[in-house]
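Shared between the two complexes below is chain A, which pairs with chain B and chain C, respectively.
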Partner chain A sequence: MKRSLLPILCCPTCKGDLVLSVVEEDESEILEGSLYCSACGVSYPITEGIPDLLPRKKNI
Partner chain B sequence: MKTVSGDVFERYADDYDRWFDEHQEEYLAELSRIRQVLPAPDSRSIEVGVGSGRFAAPMGVRIGVEPSRALCRMAHQRGIGVIRGRVEDLPIRTLSCSSVLFVTVICFLDDPRAAFREIHRILSQEGFLVIAFIEREGKIHRKYLMDGGKGRFLSRARFYSQEEVCAFLSDTGFDVKKGDSRAGFCVIAAQKI
Partner chain C sequence: MSPDQVYPPREDTYLLARAAISEAGESDFVLEVGTGSGYIARSLQESGIRVLATDINPHAVKAARSEGLDVVRTDLFMGIRGPFDLVVFNPPYLPTRAEERIDDWLECALDGGPDGRSVIRQFAEEVSGHLSPGGRVLILVSSVTGFEEVMALFRKQGFQVDIYQKERVYDEDLVVLKCSMKTGG
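Up next is the complex of A and B:
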(Lines of atoms letter the chains of each structure in order from A and count residues from 1; the text may use other names and numbers.)
(Lines give C-alpha, C1' and ligand atoms only; values in the text may rest on other atoms or scores of the structure.)
Protein backbone atom coordinates (compact mmCIF):
# COMPACT_ATOMS: atom_id res chain seq x y z
CA MET A 1 0.00 0.00 0.00
CA LYS A 2 1.48 3.31 -1.06
CA ARG A 3 1.46 6.06 1.55
CA SER A 4 -0.31 8.28 -0.99
CA LEU A 5 -3.41 6.11 -0.53
CA LEU A 6 -3.74 6.94 3.17
CA PRO A 7 -5.52 10.33 2.85
CA ILE A 8 -8.54 8.77 1.13
CA LEU A 9 -8.93 5.76 3.45
CA CYS A 10 -11.40 5.59 6.34
CA CYS A 11 -13.04 2.99 8.53
CA PRO A 12 -15.58 1.03 6.43
CA THR A 13 -18.06 1.03 9.31
CA CYS A 14 -18.00 4.47 11.00
CA LYS A 15 -16.09 6.31 8.21
CA GLY A 16 -13.75 7.69 10.87
CA ASP A 17 -9.99 8.21 10.81
CA LEU A 18 -7.54 5.32 10.73
CA VAL A 19 -4.16 5.27 12.47
CA LEU A 20 -1.36 3.64 10.50
CA SER A 21 1.20 1.31 12.09
CA VAL A 22 4.01 0.05 9.87
CA VAL A 23 5.77 -3.27 10.46
CA GLU A 24 7.55 -3.57 7.11
CA GLU A 25 7.99 -1.07 4.30
CA ASP A 26 10.15 -0.98 1.20
CA GLU A 27 11.06 1.92 -1.08
CA SER A 28 7.66 1.93 -2.79
CA GLU A 29 5.01 0.79 -0.32
CA ILE A 30 3.95 -0.44 3.10
CA LEU A 31 4.07 -4.23 3.00
CA GLU A 32 2.95 -5.24 6.48
CA GLY A 33 1.19 -3.25 9.19
CA SER A 34 -2.24 -2.19 10.28
CA LEU A 35 -4.84 0.58 10.17
CA TYR A 36 -6.61 1.13 13.49
CA CYS A 37 -10.03 2.71 14.05
CA SER A 38 -10.17 3.89 17.65
CA ALA A 39 -13.89 4.66 17.47
CA CYS A 40 -14.74 1.07 16.55
CA GLY A 41 -11.79 -0.53 18.33
CA VAL A 42 -10.92 -2.46 15.18
CA SER A 43 -7.49 -3.08 13.69
CA TYR A 44 -7.44 -3.71 9.94
CA PRO A 45 -4.36 -5.61 8.73
CA ILE A 46 -2.08 -4.67 5.84
CA THR A 47 -0.67 -7.86 4.36
CA GLU A 48 1.60 -8.23 1.33
CA GLY A 49 0.99 -4.58 0.52
CA ILE A 50 -2.81 -4.87 0.58
CA PRO A 51 -4.94 -3.23 3.31
CA ASP A 52 -7.86 -5.43 4.30
CA LEU A 53 -10.72 -3.06 5.06
CA LEU A 54 -13.62 -5.47 4.96
CA PRO A 55 -15.99 -4.63 7.86
CA ARG A 56 -15.32 -6.69 10.97
CA LYS A 57 -16.17 -6.82 14.65
CA LYS A 58 -14.21 -5.20 17.45
CA ASN A 59 -10.89 -6.82 18.36
CA ILE A 60 -11.09 -8.64 21.69
CA MET B 1 -19.70 -6.15 -4.71
CA LYS B 2 -19.22 -9.82 -5.48
CA THR B 3 -21.23 -10.84 -2.43
CA VAL B 4 -23.53 -13.32 -4.14
CA SER B 5 -20.66 -15.47 -5.33
CA GLY B 6 -17.62 -14.20 -3.45
CA ASP B 7 -16.35 -17.71 -2.73
CA VAL B 8 -16.36 -18.49 -6.45
CA PHE B 9 -14.04 -15.57 -7.13
CA GLU B 10 -11.67 -16.78 -4.38
CA ARG B 11 -11.58 -20.35 -5.64
CA TYR B 12 -11.52 -19.68 -9.36
CA ALA B 13 -9.60 -16.42 -9.55
CA ASP B 14 -7.18 -17.83 -12.13
CA ASP B 15 -10.06 -18.98 -14.34
CA TYR B 16 -11.69 -15.57 -14.04
CA ASP B 17 -8.50 -13.79 -15.04
CA ARG B 18 -7.72 -16.21 -17.88
CA TRP B 19 -11.07 -15.41 -19.51
CA PHE B 20 -9.67 -12.04 -20.63
CA ASP B 21 -6.77 -13.73 -22.45
CA GLU B 22 -9.00 -16.31 -24.06
CA HIS B 23 -11.63 -13.76 -25.20
CA GLN B 24 -9.41 -10.93 -26.38
CA GLU B 25 -11.81 -9.60 -28.99
CA GLU B 26 -14.73 -9.32 -26.58
CA TYR B 27 -12.54 -7.93 -23.81
CA LEU B 28 -10.93 -5.28 -26.00
CA ALA B 29 -14.31 -4.22 -27.38
CA GLU B 30 -15.65 -3.73 -23.84
CA LEU B 31 -12.50 -1.83 -22.89
CA SER B 32 -12.84 0.45 -25.90
CA ARG B 33 -16.47 1.29 -25.20
CA ILE B 34 -15.75 2.12 -21.57
CA ARG B 35 -12.75 4.26 -22.55
CA GLN B 36 -15.02 6.36 -24.80
CA VAL B 37 -17.13 7.59 -21.89
CA LEU B 38 -14.71 7.50 -18.92
CA PRO B 39 -13.27 10.96 -18.15
CA ALA B 40 -9.45 10.98 -18.27
CA PRO B 41 -8.42 9.23 -15.03
CA ASP B 42 -6.44 11.19 -12.45
CA SER B 43 -4.88 10.26 -9.11
CA ARG B 44 -8.33 10.22 -7.47
CA SER B 45 -10.05 7.92 -9.95
CA ILE B 46 -11.05 4.55 -8.55
CA GLU B 47 -12.48 1.28 -9.78
CA VAL B 48 -14.95 -0.32 -7.37
CA GLY B 49 -14.94 -4.07 -7.85
CA VAL B 50 -11.59 -3.89 -9.58
CA GLY B 51 -11.25 -7.66 -9.90
CA SER B 52 -7.82 -8.62 -11.19
CA GLY B 53 -7.24 -5.14 -12.63
CA ARG B 54 -8.06 -6.00 -16.23
CA PHE B 55 -9.96 -2.74 -16.77
CA ALA B 56 -8.29 -0.36 -14.31
CA ALA B 57 -4.72 -1.10 -15.40
CA PRO B 58 -5.04 -0.35 -19.14
CA MET B 59 -7.33 2.64 -18.45
CA GLY B 60 -4.85 4.26 -16.09
CA VAL B 61 -7.08 3.99 -13.01
CA ARG B 62 -4.57 3.55 -10.18
CA ILE B 63 -6.83 2.74 -7.20
CA GLY B 64 -9.22 -0.17 -6.76
CA VAL B 65 -11.48 -1.79 -4.17
CA GLU B 66 -12.13 -5.52 -4.31
CA PRO B 67 -13.50 -8.05 -1.78
CA SER B 68 -11.72 -11.15 -3.11
CA ARG B 69 -8.27 -11.65 -1.60
CA ALA B 70 -7.09 -13.65 -4.62
CA LEU B 71 -8.22 -10.98 -7.10
CA CYS B 72 -6.71 -8.25 -4.90
CA ARG B 73 -3.31 -9.94 -5.25
CA MET B 74 -3.64 -10.01 -9.05
CA ALA B 75 -4.66 -6.35 -9.23
CA HIS B 76 -1.76 -5.46 -6.94
CA GLN B 77 0.62 -7.25 -9.30
CA ARG B 78 -0.77 -5.13 -12.14
CA GLY B 79 0.24 -2.00 -10.27
CA ILE B 80 -3.14 -1.05 -8.84
CA GLY B 81 -3.26 0.43 -5.34
CA VAL B 82 -5.81 -2.10 -4.25
CA ILE B 83 -7.85 -2.09 -1.04
CA ARG B 84 -9.74 -5.13 0.14
CA GLY B 85 -13.27 -3.93 0.78
CA ARG B 86 -16.90 -4.12 -0.29
CA VAL B 87 -18.96 -1.59 -2.19
CA GLU B 88 -21.74 -1.48 0.38
CA ASP B 89 -19.24 -0.34 3.06
CA LEU B 90 -16.55 1.50 1.15
CA PRO B 91 -13.45 2.34 3.24
CA ILE B 92 -13.05 5.55 1.26
CA ARG B 93 -13.52 9.08 2.54
CA THR B 94 -16.56 11.15 1.55
CA LEU B 95 -16.02 13.39 -1.54
CA SER B 96 -12.54 11.98 -2.14
CA CYS B 97 -12.83 10.50 -5.66
CA SER B 98 -13.05 12.31 -8.99
CA SER B 99 -14.49 9.36 -10.92
CA VAL B 100 -15.65 5.82 -10.25
CA LEU B 101 -15.49 2.89 -12.66
CA PHE B 102 -17.90 0.03 -11.92
CA VAL B 103 -17.67 -2.85 -14.39
CA THR B 104 -19.72 -6.06 -14.25
CA VAL B 105 -20.29 -5.76 -10.52
CA ILE B 106 -23.96 -4.85 -10.22
CA CYS B 107 -25.03 -8.37 -11.13
CA PHE B 108 -23.33 -9.73 -7.99
CA LEU B 109 -24.92 -7.34 -5.51
CA ASP B 110 -27.72 -8.04 -3.06
CA ASP B 111 -28.69 -4.36 -2.87
CA PRO B 112 -27.63 -2.20 -5.85
CA ARG B 113 -29.13 0.97 -4.36
CA ALA B 114 -26.92 0.64 -1.26
CA ALA B 115 -23.90 0.35 -3.56
CA PHE B 116 -24.85 3.44 -5.57
CA ARG B 117 -25.43 5.43 -2.38
CA GLU B 118 -21.90 4.59 -1.23
CA ILE B 119 -20.43 5.49 -4.62
CA HIS B 120 -22.35 8.76 -4.52
CA ARG B 121 -20.87 9.48 -1.08
CA ILE B 122 -17.22 9.01 -2.14
CA LEU B 123 -17.53 11.01 -5.36
CA SER B 124 -16.58 14.67 -5.39
CA GLN B 125 -19.20 17.23 -6.43
CA GLU B 126 -20.17 16.60 -10.07
CA GLY B 127 -17.92 13.54 -10.14
CA PHE B 128 -18.53 10.86 -12.76
CA LEU B 129 -19.62 7.26 -12.44
CA VAL B 130 -19.15 4.92 -15.39
CA ILE B 131 -21.02 1.66 -14.98
CA ALA B 132 -20.82 -1.24 -17.40
CA PHE B 133 -22.92 -4.38 -17.10
CA ILE B 134 -24.33 -7.38 -18.89
CA GLU B 135 -27.97 -6.74 -19.74
CA ARG B 136 -30.72 -9.10 -18.75
CA GLU B 137 -31.79 -11.32 -21.64
CA GLY B 138 -29.09 -9.79 -23.81
CA LYS B 139 -26.71 -11.68 -26.07
CA ILE B 140 -23.99 -12.21 -23.47
CA HIS B 141 -26.39 -13.18 -20.70
CA ARG B 142 -28.01 -15.85 -22.86
CA LYS B 143 -24.68 -17.17 -24.13
CA TYR B 144 -22.95 -17.54 -20.80
CA LEU B 145 -25.87 -19.13 -19.05
CA MET B 146 -25.49 -21.95 -21.53
CA ASP B 147 -21.77 -22.66 -21.56
CA GLY B 148 -18.64 -22.67 -19.42
CA GLY B 149 -15.95 -20.04 -18.93
CA LYS B 150 -17.54 -16.92 -17.52
CA GLY B 151 -20.74 -18.94 -17.03
CA ARG B 152 -19.33 -20.34 -13.80
CA PHE B 153 -19.53 -16.83 -12.38
CA LEU B 154 -22.47 -15.40 -14.25
CA SER B 155 -24.81 -18.31 -13.61
CA ARG B 156 -25.00 -17.06 -10.01
CA ALA B 157 -25.55 -13.45 -10.98
CA ARG B 158 -28.66 -11.26 -11.06
CA PHE B 159 -29.13 -9.26 -14.24
CA TYR B 160 -30.81 -5.92 -14.90
CA SER B 161 -32.06 -3.97 -17.91
CA GLN B 162 -30.67 -0.57 -18.87
CA GLU B 163 -33.91 1.03 -17.68
CA GLU B 164 -33.65 -0.60 -14.26
CA VAL B 165 -30.07 0.55 -13.78
CA CYS B 166 -30.98 4.09 -14.86
CA ALA B 167 -33.75 4.02 -12.25
CA PHE B 168 -31.25 2.96 -9.55
CA LEU B 169 -29.00 5.83 -10.57
CA SER B 170 -31.80 8.37 -10.57
CA ASP B 171 -33.00 7.17 -7.15
CA THR B 172 -29.54 7.59 -5.63
CA GLY B 173 -28.65 11.08 -6.87
CA PHE B 174 -27.14 10.64 -10.31
CA ASP B 175 -27.93 12.27 -13.62
CA VAL B 176 -27.52 9.84 -16.52
CA LYS B 177 -25.47 11.54 -19.26
CA LYS B 178 -24.87 8.75 -21.77
CA GLY B 179 -26.06 5.23 -22.34
CA ASP B 180 -24.61 2.82 -24.89
CA SER B 181 -26.31 -0.54 -25.20
CA ARG B 182 -24.89 -2.96 -27.76
CA ALA B 183 -24.43 -6.73 -28.02
CA GLY B 184 -25.86 -7.32 -24.57
CA PHE B 185 -23.30 -5.09 -22.83
CA CYS B 186 -24.40 -1.68 -21.60
CA VAL B 187 -22.15 1.25 -20.65
CA ILE B 188 -23.67 4.22 -18.80
CA ALA B 189 -21.99 7.48 -17.79
CA ALA B 190 -23.67 9.33 -14.94
CA GLN B 191 -22.80 12.46 -13.01
CA LYS B 192 -23.32 13.12 -9.31
CA ILE B 193 -26.00 15.74 -8.76
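Up next is the complex of A and C:
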Protein backbone atom coordinates (compact mmCIF):
# COMPACT_ATOMS: atom_id res chain seq x y z
CA MET A 1 0.00 0.00 0.00
CA LYS A 2 1.09 3.54 -0.65
CA ARG A 3 1.79 5.75 2.37
CA SER A 4 -0.71 8.27 0.98
CA LEU A 5 -3.51 5.80 1.74
CA LEU A 6 -2.98 5.92 5.50
CA PRO A 7 -5.34 8.87 6.25
CA ILE A 8 -8.07 7.16 4.22
CA LEU A 9 -7.95 4.00 6.34
CA CYS A 10 -9.21 3.38 9.86
CA CYS A 11 -9.63 0.63 12.43
CA PRO A 12 -12.52 -1.56 11.21
CA THR A 13 -13.81 -1.91 14.76
CA CYS A 14 -13.53 1.50 16.45
CA LYS A 15 -12.94 3.64 13.32
CA GLY A 16 -9.91 5.20 15.03
CA ASP A 17 -6.55 6.15 13.54
CA LEU A 18 -3.99 3.50 12.67
CA VAL A 19 -0.25 3.64 13.26
CA LEU A 20 1.89 2.35 10.41
CA SER A 21 4.90 0.07 10.98
CA VAL A 22 7.00 -0.82 7.97
CA VAL A 23 8.96 -4.06 7.63
CA GLU A 24 9.64 -3.91 3.89
CA GLU A 25 9.13 -1.05 1.50
CA ASP A 26 10.14 -0.34 -2.10
CA GLU A 27 10.36 3.04 -3.84
CA SER A 28 6.60 3.35 -4.25
CA GLU A 29 4.84 1.46 -1.46
CA ILE A 30 4.85 -0.64 1.68
CA LEU A 31 5.05 -4.35 0.97
CA GLU A 32 5.16 -5.85 4.48
CA GLY A 33 4.23 -4.25 7.77
CA SER A 34 1.27 -3.53 9.96
CA LEU A 35 -1.38 -1.00 10.90
CA TYR A 36 -1.89 -0.78 14.66
CA CYS A 37 -4.95 0.51 16.49
CA SER A 38 -3.83 1.57 19.96
CA ALA A 39 -7.41 1.99 21.23
CA CYS A 40 -8.29 -1.64 20.43
CA GLY A 41 -4.77 -3.03 20.89
CA VAL A 42 -5.06 -4.77 17.53
CA SER A 43 -2.48 -4.98 14.76
CA TYR A 44 -3.70 -5.40 11.19
CA PRO A 45 -1.15 -6.97 8.82
CA ILE A 46 0.07 -5.60 5.51
CA THR A 47 1.06 -8.63 3.42
CA GLU A 48 2.35 -8.55 -0.16
CA GLY A 49 1.30 -4.90 -0.29
CA ILE A 50 -2.28 -5.52 0.82
CA PRO A 51 -3.55 -4.24 4.19
CA ASP A 52 -6.06 -6.62 5.80
CA LEU A 53 -8.60 -4.51 7.66
CA LEU A 54 -11.05 -7.21 8.64
CA PRO A 55 -11.92 -7.16 12.35
CA ARG A 56 -9.79 -9.48 14.44
CA LYS A 57 -9.09 -10.31 18.05
CA LYS A 58 -6.63 -8.44 20.21
CA ASN A 59 -2.98 -9.38 19.82
CA ILE A 60 -1.44 -11.33 22.67
CA MET B 1 -4.04 -17.57 -6.48
CA SER B 2 -7.26 -19.47 -7.17
CA PRO B 3 -8.94 -17.77 -10.14
CA ASP B 4 -12.04 -19.94 -9.72
CA GLN B 5 -12.60 -18.22 -6.38
CA VAL B 6 -12.83 -14.78 -8.00
CA TYR B 7 -15.84 -13.47 -9.94
CA PRO B 8 -14.69 -13.06 -13.55
CA PRO B 9 -15.69 -9.96 -15.57
CA ARG B 10 -19.09 -10.48 -17.20
CA GLU B 11 -21.79 -8.35 -18.87
CA ASP B 12 -22.67 -6.67 -15.57
CA THR B 13 -19.00 -5.83 -15.00
CA TYR B 14 -18.59 -4.30 -18.46
CA LEU B 15 -21.78 -2.25 -18.13
CA LEU B 16 -20.74 -0.81 -14.77
CA ALA B 17 -17.19 -0.16 -16.02
CA ARG B 18 -18.51 1.88 -18.96
CA ALA B 19 -20.79 3.84 -16.65
CA ALA B 20 -17.98 4.50 -14.16
CA ILE B 21 -15.60 5.77 -16.85
CA SER B 22 -18.32 8.04 -18.20
CA GLU B 23 -19.25 9.38 -14.76
CA ALA B 24 -15.82 9.82 -13.14
CA GLY B 25 -14.23 13.25 -13.44
CA GLU B 26 -10.47 13.49 -13.89
CA SER B 27 -9.91 14.90 -10.40
CA ASP B 28 -12.26 12.40 -8.71
CA PHE B 29 -11.05 9.92 -6.11
CA VAL B 30 -12.99 6.72 -6.67
CA LEU B 31 -13.62 3.76 -4.35
CA GLU B 32 -14.62 0.48 -5.87
CA VAL B 33 -16.22 -1.77 -3.25
CA GLY B 34 -16.04 -5.50 -3.99
CA THR B 35 -13.64 -5.19 -6.90
CA GLY B 36 -13.38 -8.94 -7.63
CA SER B 37 -11.00 -9.36 -10.56
CA GLY B 38 -10.27 -5.62 -10.46
CA TYR B 39 -11.60 -5.07 -13.99
CA ILE B 40 -13.65 -1.93 -13.23
CA ALA B 41 -11.02 -0.30 -11.02
CA ARG B 42 -8.33 -1.01 -13.60
CA SER B 43 -10.48 0.47 -16.37
CA LEU B 44 -10.78 3.64 -14.30
CA GLN B 45 -7.08 3.73 -13.46
CA GLU B 46 -6.18 3.30 -17.13
CA SER B 47 -8.38 6.33 -17.84
CA GLY B 48 -6.20 8.34 -15.46
CA ILE B 49 -8.62 8.26 -12.52
CA ARG B 50 -7.32 7.77 -8.96
CA VAL B 51 -8.97 4.68 -7.52
CA LEU B 52 -8.88 2.48 -4.42
CA ALA B 53 -10.26 -1.06 -4.67
CA THR B 54 -11.52 -3.26 -1.83
CA ASP B 55 -12.79 -6.80 -1.46
CA ILE B 56 -13.44 -9.22 1.40
CA ASN B 57 -12.20 -12.16 -0.69
CA PRO B 58 -8.44 -12.84 -0.18
CA HIS B 59 -8.14 -14.27 -3.71
CA ALA B 60 -9.83 -11.21 -5.22
CA VAL B 61 -7.54 -8.70 -3.49
CA LYS B 62 -4.51 -10.58 -4.79
CA ALA B 63 -5.98 -10.68 -8.30
CA ALA B 64 -6.76 -6.95 -8.16
CA ARG B 65 -3.30 -6.09 -6.85
CA SER B 66 -1.70 -8.06 -9.67
CA GLU B 67 -3.56 -5.66 -11.99
CA GLY B 68 -1.51 -2.82 -10.48
CA LEU B 69 -4.27 -1.46 -8.24
CA ASP B 70 -4.22 0.00 -4.74
CA VAL B 71 -6.12 -2.63 -2.79
CA VAL B 72 -7.43 -3.06 0.76
CA ARG B 73 -9.00 -6.22 2.09
CA THR B 74 -12.06 -5.37 4.15
CA ASP B 75 -15.83 -5.83 4.44
CA LEU B 76 -17.75 -2.99 2.72
CA PHE B 77 -16.61 0.19 4.51
CA MET B 78 -15.20 -1.36 7.68
CA GLY B 79 -11.59 -0.17 7.45
CA ILE B 80 -12.26 2.66 5.03
CA ARG B 81 -12.68 6.30 5.89
CA GLY B 82 -12.64 8.34 2.68
CA PRO B 83 -13.94 10.73 1.54
CA PHE B 84 -14.53 9.64 -2.05
CA ASP B 85 -16.06 11.58 -4.90
CA LEU B 86 -17.48 8.45 -6.47
CA VAL B 87 -18.19 5.01 -5.02
CA VAL B 88 -18.74 2.15 -7.48
CA PHE B 89 -20.26 -1.18 -6.45
CA ASN B 90 -21.26 -4.31 -8.34
CA PRO B 91 -22.85 -6.05 -5.37
CA PRO B 92 -23.72 -9.66 -4.69
CA TYR B 93 -27.38 -9.62 -5.64
CA LEU B 94 -28.65 -13.14 -6.26
CA PRO B 95 -31.44 -14.12 -3.90
CA THR B 96 -29.96 -17.03 -1.94
CA ARG B 97 -31.66 -19.20 0.64
CA ALA B 98 -29.70 -20.47 3.63
CA GLU B 99 -29.86 -24.07 2.38
CA GLU B 100 -28.47 -22.99 -1.01
CA ARG B 101 -25.29 -21.54 0.48
CA ILE B 102 -22.09 -23.41 -0.29
CA ASP B 103 -19.75 -21.26 1.79
CA ASP B 104 -16.88 -20.53 -0.55
CA TRP B 105 -15.26 -17.22 -1.52
CA LEU B 106 -16.97 -16.91 -4.87
CA GLU B 107 -20.29 -17.01 -3.05
CA CYS B 108 -19.39 -13.66 -1.43
CA ALA B 109 -19.58 -12.18 -4.92
CA LEU B 110 -23.04 -13.60 -5.60
CA ASP B 111 -25.04 -14.18 -2.40
CA GLY B 112 -27.43 -11.31 -1.72
CA GLY B 113 -29.26 -13.05 1.10
CA PRO B 114 -32.89 -14.24 0.99
CA ASP B 115 -34.20 -11.23 -1.01
CA GLY B 116 -30.96 -10.48 -2.90
CA ARG B 117 -30.68 -7.09 -1.18
CA SER B 118 -28.94 -7.86 2.14
CA VAL B 119 -25.54 -6.48 1.16
CA ILE B 120 -27.05 -3.62 -0.88
CA ARG B 121 -29.13 -2.59 2.15
CA GLN B 122 -26.07 -2.34 4.39
CA PHE B 123 -24.11 -0.54 1.68
CA ALA B 124 -26.92 2.02 1.24
CA GLU B 125 -26.98 2.71 4.97
CA GLU B 126 -23.23 3.27 5.22
CA VAL B 127 -22.07 4.85 1.95
CA SER B 128 -23.04 8.48 2.60
CA GLY B 129 -20.54 8.69 5.47
CA HIS B 130 -17.73 8.06 2.99
CA LEU B 131 -18.67 10.55 0.27
CA SER B 132 -17.28 14.01 -0.26
CA PRO B 133 -19.79 16.87 -0.72
CA GLY B 134 -21.38 16.32 -4.11
CA GLY B 135 -20.28 12.67 -4.05
CA ARG B 136 -22.09 10.07 -6.11
CA VAL B 137 -22.67 6.33 -6.10
CA LEU B 138 -22.93 4.03 -9.12
CA ILE B 139 -24.41 0.64 -8.31
CA LEU B 140 -25.36 -2.22 -10.60
CA VAL B 141 -28.79 -3.74 -10.04
CA SER B 142 -30.49 -6.67 -11.76
CA SER B 143 -34.19 -7.18 -12.39
CA VAL B 144 -33.67 -10.33 -10.30
CA THR B 145 -33.01 -8.11 -7.30
CA GLY B 146 -35.78 -5.55 -7.92
CA PHE B 147 -35.13 -2.04 -9.25
CA GLU B 148 -37.85 -0.25 -7.31
CA GLU B 149 -36.93 -1.92 -4.05
CA VAL B 150 -33.25 -1.00 -4.42
CA MET B 151 -34.08 2.57 -5.45
CA ALA B 152 -36.26 2.86 -2.33
CA LEU B 153 -33.34 1.75 -0.13
CA PHE B 154 -31.21 4.64 -1.40
CA ARG B 155 -34.02 7.21 -1.35
CA LYS B 156 -34.60 6.33 2.29
CA GLN B 157 -30.99 7.40 2.96
CA GLY B 158 -31.59 10.81 1.34
CA PHE B 159 -30.23 10.07 -2.14
CA GLN B 160 -31.66 11.21 -5.41
CA VAL B 161 -31.72 8.06 -7.55
CA ASP B 162 -31.64 7.95 -11.35
CA ILE B 163 -31.28 5.16 -13.88
CA TYR B 164 -27.91 5.85 -15.49
CA GLN B 165 -27.69 2.96 -17.97
CA LYS B 166 -29.77 -0.06 -18.83
CA GLU B 167 -29.05 -3.26 -20.74
CA ARG B 168 -30.89 -6.50 -21.45
CA VAL B 169 -28.76 -9.61 -20.98
CA TYR B 170 -30.55 -12.89 -21.79
CA ASP B 171 -33.56 -12.98 -19.45
CA GLU B 172 -32.22 -10.36 -17.05
CA ASP B 173 -32.37 -6.56 -17.18
CA LEU B 174 -29.30 -4.85 -15.75
CA VAL B 175 -29.30 -1.20 -14.74
CA VAL B 176 -26.72 1.12 -13.29
CA LEU B 177 -28.27 3.41 -10.72
CA LYS B 178 -26.71 6.76 -9.98
CA CYS B 179 -27.36 7.93 -6.42
CA SER B 180 -26.51 11.55 -5.58
CA MET B 181 -26.80 13.26 -2.23
CA LYS B 182 -29.52 15.88 -2.41
CA THR B 183 -27.96 19.27 -1.86
CA GLY B 184 -29.32 21.77 0.63
CA GLY B 185 -31.35 19.06 2.34
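One rule holds in what follows: the second predicted complex is superposed on the first by the 60 of 60 C-alpha atoms of A that agree within 3 Å, B and C clash if a C-alpha of one lies under 4 Å from a C-alpha of the other, contacts with A are read in each partner's own complex, and residues count from 1 in each chain.
To be clear about the criterion, contacts are C-beta pairs under 8 Å (C-beta built on N, C-alpha and C of every residue); 3 or more make two chains touch, one makes a residue touch a chain.
Everything numeric in this text was worked out from a predicted model, so none of it was measured.
Enquirer: With both structures lined up on chain A, is it a clash or a fit for chain B and chain C?
Expert: clash
Enquirer: Would you sort A:55 into first (chain B), second (chain C), both or neither based on which partner it touches?
Expert: Both: A:55 reaches chain B and chain C.
Enquirer: A:40 in the overlay: touching chain B, chain C, both, or neither? Say first, second, both or neither.
Expert: In the superposition, A:40 contacts neither chain B nor chain C.
Enquirer: Where does A:30 make contact in the superposed view: on chain B (first), on chain C (second), on both, or on neither?
Expert: In the superposition, A:30 contacts neither chain B nor chain C.
Enquirer: Once the two structures are fitted together, what part of chain A is touched by chain B and by chain C alike?
Expert: 1-2, 5, 7-12, 15, 44, 48-55
Enquirer: In the complex, go through chain B and note every residue touching chain A.
Expert: 43-44, 63, 67, 69, 72-73, 76, 81-86, 89-94, 96-97
Enquirer: Going by the contact rule at the top, pick out the chain C residues touching chain A in the complex.
Expert: Spelled out, the residues of chain C in touch with chain A are 52, 56, 61-62, 65, 70-75, 78-82.
Enquirer: Chain C touches which residues of chain A in the complex?
Expert: 1-2, 5, 7-12, 15, 44, 48-55
Enquirer: Which residues of chain A touch chain B in the complex?
Expert: For chain A paired with chain B, touching residues are 1-2, 4-5, 7-13, 15, 44, 48-55.
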